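Below: one structure in structure tokens.
To keep things simple, chains are lettered A, B, C and D as they appear, and every chain counts its residues starting from 1.
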Amino acid sequence: MITLDSKRLTVLKQEVFEANLALPKAGLVKLTWGNVSVIDRELGVIVIKPSGVAYDVMRAEDMVVTDLDGKTLMEDVLAPSSDLATHVILYREFPEIGAVVHTHSKWAVAWAQAKRDIPAYGTTHADAFYGQVPCTRELTATEITQDYEAETGNVIVETFKNRGLDPTAVPGVIVSSHGPFTWGKTAAKAVEHSLILDEVADMAFQSEQLEHDLTAIPSYLLDKHYYRKHGADAYYGQE
Amino acid sequence: MITLDSKRLTVLKQEVFEANLALPKAGLVKLTWGNVSVIDRELGVIVIKPSGVAYDVMRAEDMVVTDLDGKTLMEDVLAPSSDLATHVILYREFPEIGAVVHTHSKWAVAWAQAKRDIPAYGTTHADAFYGQVPCTRELTATEITQDYEAETGNVIVETFKNRGLDPTAVPGVIVSSHGPFTWGKTAAKAVEHSLILDEVADMAFQSEQLEHDLTAIPSYLLDKHYYRKHGADAYYGQE
Amino acid sequence: MITLDSKRLTVLKQEVFEANLALPKAGLVKLTWGNVSVIDRELGVIVIKPSGVAYDVMRAEDMVVTDLDGKTLMEDVLAPSSDLATHVILYREFPEIGAVVHTHSKWAVAWAQAKRDIPAYGTTHADAFYGQVPCTRELTATEITQDYEAETGNVIVETFKNRGLDPTAVPGVIVSSHGPFTWGKTAAKAVEHSLILDEVADMAFQSEQLEHDLTAIPSYLLDKHYYRKHGADAYYGQE
Amino acid sequence: MITLDSKRLTVLKQEVFEANLALPKAGLVKLTWGNVSVIDRELGVIVIKPSGVAYDVMRAEDMVVTDLDGKTLMEDVLAPSSDLATHVILYREFPEIGAVVHTHSKWAVAWAQAKRDIPAYGTTHADAFYGQVPCTRELTATEITQDYEAETGNVIVETFKNRGLDPTAVPGVIVSSHGPFTWGKTAAKAVEHSLILDEVADMAFQSEQLEHDLTAIPSYLLDKHYYRKHGADAYYGQE
């Protein structure tokens, strides 16, 4: 066991705790179907929700602290979220991200179960995701049997690599037959991306019911909305 | 009338009362369209919601106590839920269960009215139900006319027997043209299964709208998620 | 102006006021899109919501009192709901009813706009409506132009007469291209029917999406559920 | 900088502030996806929400005051909503309107993404919108790249001109691939139109799922409902 700055850990635990509570409040999580973690790369720790603990009894101090390989760093603690290994892979392969969120939010799951990418059909989508939200390929029997949660992380990374996607421009994914993972600089941002992902999944669903041969918005509209909010020339929001 | 341990009964009534209140709170029940019961096999009693009493005036002491055949055990009590006979059959034929819940929750009813099993399209489903949630065959005119509520129990049991299903691995069913019944070790677990059943019914519905030729998830993914949460090698949640 | 028993009127106004407030609370009414009235046939009065008054400023004393032809009975009062003439016709032609509710609740309106009856696809429906909820024919240009609100009442009555329906067994209707009217012995019952109508409209909609060639439930199941709750041999609820 | 009547400005800011808060409360806006402005043509000012400020920390004094060209009139203020230029065009071209609202409400966006007008399928629609709610053509690459927000205003105006629509009779529009703009005499009325637009977009969607070959209501029903609430012979509501 290593010595850790307890003040910094307290702040991280509070951040993770509040972000976890924000999920059921936003209607994105029922029962215990979600988890949020943050990484402090300088301190070398990941802080994540404990596994299967009801939101109304969970406390900030219950958040679990691990090293960057997901090994628990304190004694007498609760077991971490069973999806921890997925978070660990995402932090290792996406060095720009500071937090990861996983939910079973209804509309994102609907697309995941249909094994389809979520097309960018409008500006609500383009404001947050630079292009379609990808759906991973299905995991193989071997991947599922041998190291399921880590392989879930691997297939996300593979999806981004094979398609040449930048995880800061497309801050989320849906895992085939499973559900969404999102990320961001902070836990609050990762939660926000989770909310937006479910909302655009809903809107895209409804639009397809209205018009069966819908195509994605043109690149110049995607560019306009994405870069209005992101990057050096952004002019949405306050300085 | 037999002598009963009044303290144990009080605890049972409180459990049933709270579980009944949890249903409208979770959006699973409108008006008085639901009922929860528990069985205490040692004590030889079933405790169930009274029939047609509004949730906001119902008290724990109003819960009705019957023997294992559904005969009321106390004088001057309210009439038990009209679905009691269904609960009695389920307790008799499924000896592992400790509580039963019936609702008319929207999405489960939609599948029941469509007379279709709910396929396991994803991990949300697999976490709680080991395979599709079966829909019973339709009751015959004779069954409906002669002993409707008991025959509803019988057709559920028949469905599980004919398909070789284990009621602890598939803790729920939808009755054709009617709605869902779920069960569990405790009233809280049975309510939780009711919530999950409606949620996966919703997700499965939406997924089919997105992809018309969808097939159930492969058995290895079903196994992985089900056994991650259930059985000797489960590793979800705390010890 | 006639002399009226002011105590009885106060009770009636309170009943109408509370029933009107129950509609937005149940999610059945947005803005001012609904109205409830009651009739006291002995007293010879109808009491109805004023037209276009926001629910959060409306008071019990604002309810408008009219005679059985819909003529306002007091001075200096608010204008009655613009749908009053429809209520008047329903009270005249359906002597068993004591209250009428009109809303633009979403799912009932969806069927009304589709100009389709709502089929009885399950027991939730059969518990309250003895058979399909009828959709009226469209009003003619002349009916709409000359005496719109009264003709809306007339077309409802025509629908029940032509189809041989009993308004106590089918306590509601949807008016083509418009929305639902329901009724009952009391304002609370009429509101309850409004809630059930929207709920079964929702369930029927979803069931058809799941199974395109769905047929109504057989008459013996309809009978069983309807008569379990209604009539001399009812055994649902308390004595 | 010009001298302004600070009392009148305070009233305007309060009106804009309250109307902005009404949007998330009505479920029409998530995160910061909406904005309301009002114009005082006598005073020569537009008052609009600041860009990207969270609703729970926003104060009435944060509302931004501009001239009729959208130029900020005070020092040290927050940046105005990035959609300000659209509002400016609408105020210039539609001289009867006093307030503008923009949201990304789910059902209106679904139609906008499907690039379809919302047909008038029933009386709920006809009560507020005199005919279908138009969807603009798509903006060209040049329009999007060069002056996006102003061109959004221009394409709305073009749509009304080309189709001969009166913006006081059709107080809203959906912008192709984007979402709804509504307007009214006051901020409260513009918000109300925003709520109605989303509700009728929802109802029209569901009606089409029930009946695939639906046509708009006849002109005499449209006339009846629209003129029952609007114009010299209106008889809905109080004097």
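Miscellaneous remarks
Keep this in mind: contacts are C-beta pairs under 8 Å (C-beta built on N, C-alpha and C of every residue); 3 or more make two chains touch, one makes a residue touch a chain.
Here the structure is a predicted model, which means the values were calculated and not measured.
Two copies of one sequence, chain A and chain B, touch each other mainly through non-matching residues, since under half of the numbers at the interface are common to both. Superposing the C-alpha atoms of chain C onto those of chain D requires a rotation of 90 degrees, given to the nearest 5. Centroids of chain A and chain B (each the mean of its C-alpha atoms) stand 33 Å apart. One simple way to say how far apart two chains are is to compare their mean CA positions; for chain B and chain D this gives 47 Å. Contact with two or more other chains is made by residues 209 of chain C. Interchain contacts close the chains into one ring where each touches exactly two others, per the touch definition above.
Chain pairs that touch, as defined above: A-B, A-D, B-C, C-D.
Contact residues of chain C toward chain D in the complex are 30-33, 50-53, 78-79, 82, 104, 106-107, 109-116, 139, 141, 144-145, 148, 177-179, 205, 208-209. The touching residues of chain C, when paired with chain B in their complex, are 121-124, 192, 195-196, 199, 202-204, 206-207, 209-211, 214, 217-218, 220-221, 224, 228, 235-239.
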